[in-house]
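Here subunit A shows up in two complexes: once beside subunit B, once beside subunit C.
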Partner chain A sequence: MKSSQRSKTTLSVVLGIICIIYVLPMVVVVLNSFKLNTYVKTDTFAIPTGEMWAGFSNFTKGMTFGNYPFAASAGYSVLITVVSTALILLFTSMAAWFIARVDDKVSRIVYYLCVFSMVVPFQMVMFTLSKTADTLKLNTPWTIPVVYLGFGAGLAIFMFVGFVKSIPLEIEEAAAIDGAGPVKTFFLVVLPMLKPTLISVGILEIMWVWNDYLLPYLVLDRTKYMTIPIHIQFLKGSYGTVDLGATMALILLSIIPVIVFYLLCQKHIIKGVAAGAVKG
Partner chain B sequence: MATVSLRHIVKIYPNSGETKKHKITNLKVTEEGVLAVQDFNLEIADQEFIVLVGPSGCGKSTTLRMVAGLEEISKGELYIDDKLMNDVAPKDRDIAMVFQNYALYPHMTVRQNMEFPLKLRKVPKDEIDRAVDQAAEVLGITQYLDRKPKALSGGQRQRVAIGRAIVREPKVLLMDEPLSNLDAKLRNQMRAEIIKLRQRIHATFIYVTHDQTEAMTLGDRIVIMKDGVIQQIGTPQEVYDSPVNMFVAGFIGVPQMNFYDGNLIKSASGKYSVVVDGAEIELSAEKQKNLTDHKVPEQAVTVGVRPEHITLKEVPGKMIKGTVDVSELMGSSVHLHINACGKDGVIIVPTLDLKGNKTFTMGSPIEFTFGGDVAHVFAKESGKNLEFSNDTVQE
Partner chain C sequence: MSKYKHKQGKSNASNLKAQIRQWWWLFLLPVVAAFLIGFVWPFIQGIYLSFCSFKTTSDATLIGFGNYGRALSDPTFVHSFWYSALFAVTSLIFINIPAFAVAYALTQDIKFSNLYRTVFFMPNLIGGIVLGYIWSMIFDGILSHYNTSILLNSTYGFWGLIILICWQQIGYMMIIYIAGLQAIPTDMLEAAEIDGATKAQTLFRVIIPNVMPSITICMFLSITNGFKLFDQNLALTAGQPFIMNPDGTTIKTTEMLALNIFNTFYNSNAASRGTAQAKAVLFFILVAAIGLVQLQFTRKREVQQ
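Showing the complex of A and B:
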């Protein structure tokens, strides 16, 4: 009894330390976003009080820096994230339903190609991809979601197929007998049952697209369109001087939506991860 | 209200990966593939209750799914109300189906589940409400209408599934082992419910089960299948009294029919008798006639007798000797597991007959006999009932 209690305490301490290690960078970002630029490098871990306190000046500075409006970057980020995630969820869930239910050679090949795409690093294809995207005019915030759909499909299809396979086929057969064609069966019966996976895939895709830097940097026409990560990168001056305070402030702004979103959906994330593991 | 005709229905699963699934069964394999159902012929009358019964893998569910339109019919024709249905989509066949695992829509409430088929058919809202309330009333699930399926017990879920099937008053109601997932008590209860339900709705029922009790109690007619082939079609009484072969004889009836090696002999006067373990038992007049009609010669046979037809009453010269293995008191009767003629078997003795003064210990000797009216005579090789050997069994 005693030893099990001791091991529990040890575990708590170890996990606590790991937790601090994980949270620390975020705390540093929060602290430094309210610190005057000169103190960011010298007193990185200090709490901004007295002369170090910069108030919200870093935020205003960051948002007005350069000649590109931050609001536009934020707007494009939201647009790209929402549209990409919606496209990914809609198309991959449909594709996964087909792959899981139509067990023929073609669907198996498509499935393995999708899974394979997960192991190909982005850096391997990025130059050919950005060239192709340019040619196909996929270089605007309205069309770049198509590129995201391609990249997000692998993981999403992998997750959806696993979940669809755990749904008893009889439910869809019952729908067919009740009078639903494939389209109605999908939207009225299958899609609502996919909810846990829709949420977990949605969260993963939102976090990925929102934080993504390289793909929009390579594909988008930077003179016209920026996303928040690109905007932050442009805070760097031409000679390598960086306004760290302003950078931290913008980073904080960019991670707040993700954190809020995550906290709201936490319950579903755990459900989604467990979904398919046990028969529902 | 509908007649259903299945004419020369065949189901072939192509020889690719699918074959693996059927490896465990004895299904016939041809060049085209695995024959899951072979030349199935059945005419079902309006509002008849047909039960397809057989061991797992015998093709009964496949047949049902072909009627539902969930499986393609490889060969043959399916008619519902004289309309060819082979290429008609399930939703246009005017059928409903109850599945073994309920197949309720988990994200919908009970009411929404039951409304679903009507909504898809664009039935007016007030009519939907009326139909759902009525079906819920019949099935006693009114108080659960706003619950989700996961908040219901197995029996309640199956009621909802039946409710969803009957709300739109289908012509044909298909049931695929609907009671298999329920515990014994609930199963008995639901079986009675289904019998009652039948009086209320005017549909033709096709019911699949592997449970012979369900088949006997529910069906107007029973179709017994094995390895994709119909063995016998008949009323419960017919298949119980006159099984066409040893498979049907053994499958219908609990405990199973006892089989003994014996001989069919013909006396000088032309009377048939069976000889088992030295006991000569003359067959009844009806059996005499059947055997005579088919000109059955004397031969070594398998004699089948149901446990409930065996008696311990002393009949000189006609007793068969055996030993008791186990004695089970069931209440109204005692089931004696015995070994006789080198075969294991069961005898059911009514408790009253024993009058409490006779006990059967393991290994104690026992003598029994049976009447000439209850003995079934099967051919040794083919297992066919010699009374009907120009036969109803399809090759």
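Showing the complex of A and C:
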């Protein structure tokens, strides 16, 4: 018994060391965002002391770096992520309820098309989708959520339909007998019951849209709008080689909200991600 | 009485169904409209354009299978296919073995296991572009001491991307394995212990057979993720270093399938867009085929259990 206790402690220590190695890349980002640019390449792993110390100059420089304000990219990223996720949650949960309850030919076709869309890689539709979005003026941060709703509907519908089918019909029938119409039944009775799936789908969509690079890169009018991933890639292509320190400062700024979000709702995130593993 | 109740329930259900159906324009139409714009129409048009010669979607003329011929005889496409396949298989091994080992260790009731789980999963939340940039700085920080760079050596490029993808995805697969390991009934493990099974015997005879469904999911996820990888590939090496063939074609040595398709679409030569769309259709068929094999696998297992 004692030896098993000791081996458990050893295991814990070994894992602890691996964990420290695991966070090192993040530590390197933090170190270099406070380091003067000339030292980032030569002394990547050094602690920025003395002459290497850049203070917050990398951050102030990074904000206006590349002739495009980083604050604008961050703002558009937030706008697109919030609106797209809200649209997807509202409309796909409504459609999923319709599909699961009405269950006629049309809803079955829609459902199977949605399942099918989950195995289609983005490259298959990227050229035609960006042209269609352009024609329909879906190329702004205010309208691109429609594209996200369309391309992202598959997984969300799939997850919601699965959950709605597990809800006993009696509850909705009782509401119908009490005189509630379908709209009232859905919003007051069904939607509250969908809460766990709403959280899982919401997490998956937030992570997808926030980190997505190629779709907004192709769909948005890039002369006017950027998101954080587009901004970072743009800097890497041009200014990033010029000023690595400032770019690292921007990377740090873009990671911090993600980490905070993760630490705040870790349980839900891990559950949501595991639920989405079906996508493949 | 029970018969009456049953009938009533049925009529209520069909009543509800009819009522909901009247609201189709509110419940179903918004998603269907967006789905037509964002998926169905681009998909159909994509299939059609793969048989056309075009520079933009409005000047297409049907040419038959020519694009597919050009795609399959394009050495850069063939190279990117084999490169992606090699990458997918290598990453499968290097992601799943550590992920399973960590998941196994974390379910041994050790101290700080929640903290460790949090740390291992964290890189998964960072986007591919940012990840690529972080690691290119780290690799070049090391390689610059040897007067080289990740952009100059394709072997470094390959293993660099493997390290990056392991850092990102080990935590993700770990979560799936932990769920599988926790679902093993404890009395089964106790029975093995009472029967005097060693730790290794319990692992290979009891634990691994019981988490086979998780292993299948993770293996297929790694393979499809490997084939579909784009952001990380673009941000870390973008295909560099390039090799010039004697016949004038340039092979981008670390270019994967998705990036090859992207580059064929958006290079300076707009005439290659038909070929690019044909490549995209072939890519779709490949990914869908892997998905079908996966479905077959999981179905078979369900029957067995």
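The working rule: the second predicted complex is superposed on the first by the 230 of 280 C-alpha atoms of A that agree within 3 Å, B and C clash if a C-alpha of one lies under 4 Å from a C-alpha of the other, contacts with A are read in each partner's own complex, and residues count from 1 in each chain.
We adopt the following convention: a residue touches a chain if its C-beta (ideal position, glycine included) is under 8 Å from a C-beta of that chain, and two chains touch if they have at least 3 such contacts.
Predicted model, so just to flag it, every value in this text is computed and none were measured.
Residue contacts after overlaying the shared chain place A:C265 against neither subunit B nor subunit C.
After overlaying the two complexes on the shared chain, residue contacts for A:T128 are found with subunit C alone; subunit B is out of touch. Of the two partner chains, subunit C is the only one that A:T247 touches; subunit B does not reach it. Touching more residues of subunit A than its counterpart among subunit B and subunit C is C. Contact with subunit B, but none with subunit C, is seen for A:P192 once the two complexes are overlaid on the shared chain. By the document's definition of touching, both partners, subunit B and subunit C, reach A:G181. Once chain A of one complex is fitted onto chain A of the other, the partner contacts of A:V78 are absent, as it touches neither subunit B nor subunit C. Of the two partner chains placed by superposition, subunit B and subunit C are both touched by A:E173.
By the touch criterion stated above, A:V147 is placed in contact with subunit C alone, subunit B being left untouched.
Once the two complexes are overlaid on the shared chain, A:L36 sits clear of subunit B and of subunit C alike.
Shared contact residues of subunit A, touching subunit B in one structure and subunit C in the other: 170, 173, 176-177, 181, 280. Residue ranges on subunit B touching subunit A, taken from their complex, read 68-70, 89-91, 95-97, 99-101, 103-108, 116-117, 120-121, 164.
Listing the residues of subunit A that touch subunit B in their complex gives 168, 170-171, 173-181, 184, 188-189, 192-193, 195, 280.
Here subunit A touches subunit C in the complex through residues 8-9, 11-12, 15-16, 18-19, 22-23, 25-26, 28-29, 32, 40-42, 44-45, 91-92, 94-95, 97-99, 101-104, 106-107, 110, 113-114, 117, 119-121, 123-129, 131-133, 136, 138, 146-154, 157, 169-170, 172-173, 176-177, 181-183, 186, 207, 210-214, 228-229, 232-233, 236, 240, 244, 247-248, 251, 254-255, 258-259, 261-263, 266, 269-270, 273-274, 277, 280, going by the rule given at the top.
Contact residues on subunit C toward subunit A in their complex (touch as defined above): 9, 12-13, 15-17, 19-24, 26-28, 30-32, 34-43, 45-46, 49, 56-57, 102, 105-106, 108-113, 115-130, 133-138, 140-142, 144, 167, 172, 175-176, 179, 217, 220-221, 224, 228, 230-231, 234-235, 258, 261-262, 265, 273, 276-277, 280-281, 283-284, 287-288, 291, 294.
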